[in-house]
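Okay, so here's the structure we're looking at.
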């Protein structure tokens, strides 16, 4: 059901899980908490935008990046738990925004992820969130997102 | 009891919970863990200081910012759980410090939050903590703090 | 057993736990989750390298920093739980990399930690991970790492 909504709301299929850029796993579970690795705004392994938000990337494009990174979080969670309908609630998002000097609209960027999750999961999609500026991110991604969700076990 | 101590130790009442700057909730609970959204050093919606620590903001003022951001964490937790005396322990703080070039005293800044929590909660207030420098934060805040606490359920 | 492997794989004894730089504790436990404070690449209280990766510190040296910071995480966990063999799984790493302009190889740096953990703990050592660039870190450390592990209680 959630997967159908993803198509409906975003026009995208749930992405193929991105391979970790290195020596770790994309998801780890402890009890009923699922922790994702940091996910980037890639589609089929390619960034949809590159560089610093506020200089190389507009707020609107960066919000779309956040949306895709959140989809990639869901994608790796699904690969692990089999079915996104097992998600009981989205607990926490940390959204790192590759920020140019004087760029302070990290919350608007992060909304791309938050609004998607609320659109998809409704009440269960409401989450605590931190949006933080950073000066550099892996492969010069504009956004990196990590997610904690609670699942039914 | 904790609320009385807040008044005593800080001279402030527990602040009115800040509204999220965007599409998320200030607190999410999973089991007996409470995760806050990133909180800024605002009083009645206004930052008590603005800009980069080490350039625009002194270490002392930034520590006061950390103290207020921690109070805002407690404020949103209280709005959710009803009573701060339900807190069993403060588990983890992440303190992001908006840092000017060559500013490396993030721990001194974060102490503003840590010392308050230990003052308020004593043994229960002892927490693991990361203090990290970042180049930009939402609305140009000097500090952003997120907190994980364990509650009795 | 894990401690013997540490010697074998790294040539180091498990370090003496670093004292917190400030008013917090190095480890907090909630249920069967252990949260470490952010750990720096220090040996006997001294950084093994200093400054920004990509400018002052090579990727290779930074990966060694990540390895040492991860060892310091294990060291403070051991001081709390008594025996590293109680670790059921490494759940999550956040690796903050003090990054020069245009440095985007945070994952390679973080691999220093991830590869050590997988070498030490095998299947149990596989973890979710975020690698993030930041502009400054405490005492000008090249890397700061925080860890969440699950223990048997």
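Going in written order, the chains are labelled A, B and C, and every chain counts its residues from 1.
In this section, a contact is a pair of C-beta atoms (placed from the backbone, for glycine too) under 8 Å apart; a residue touches a chain by one contact, two chains touch by 3 or more.
These figures come from a predicted structure and were not determined experimentally.
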Interface of copies subunit A and subunit B: same or different residues on the two sides (over or under half shared)? different
Rotating subunit B so its CA atoms sit on subunit C gives an angle in degrees, to the nearest 5, of 120
CA centroids of subunit A and subunit B: separation to the nearest Å works out as 24
Residue ranges of subunit C touching at least 2 other chains are 31, 94, 134-135
Seen from subunit C, its contact residues with subunit A in the complex are 31-33, 89-94, 97, 99, 101-108, 110-111, 114-115, 118, 126-135, 148, 150
Listed in rising order, the residues of subunit B that touch subunit A in the complex are 20-28, 30-31, 35-38, 94, 96, 98, 134-140, 144, 146
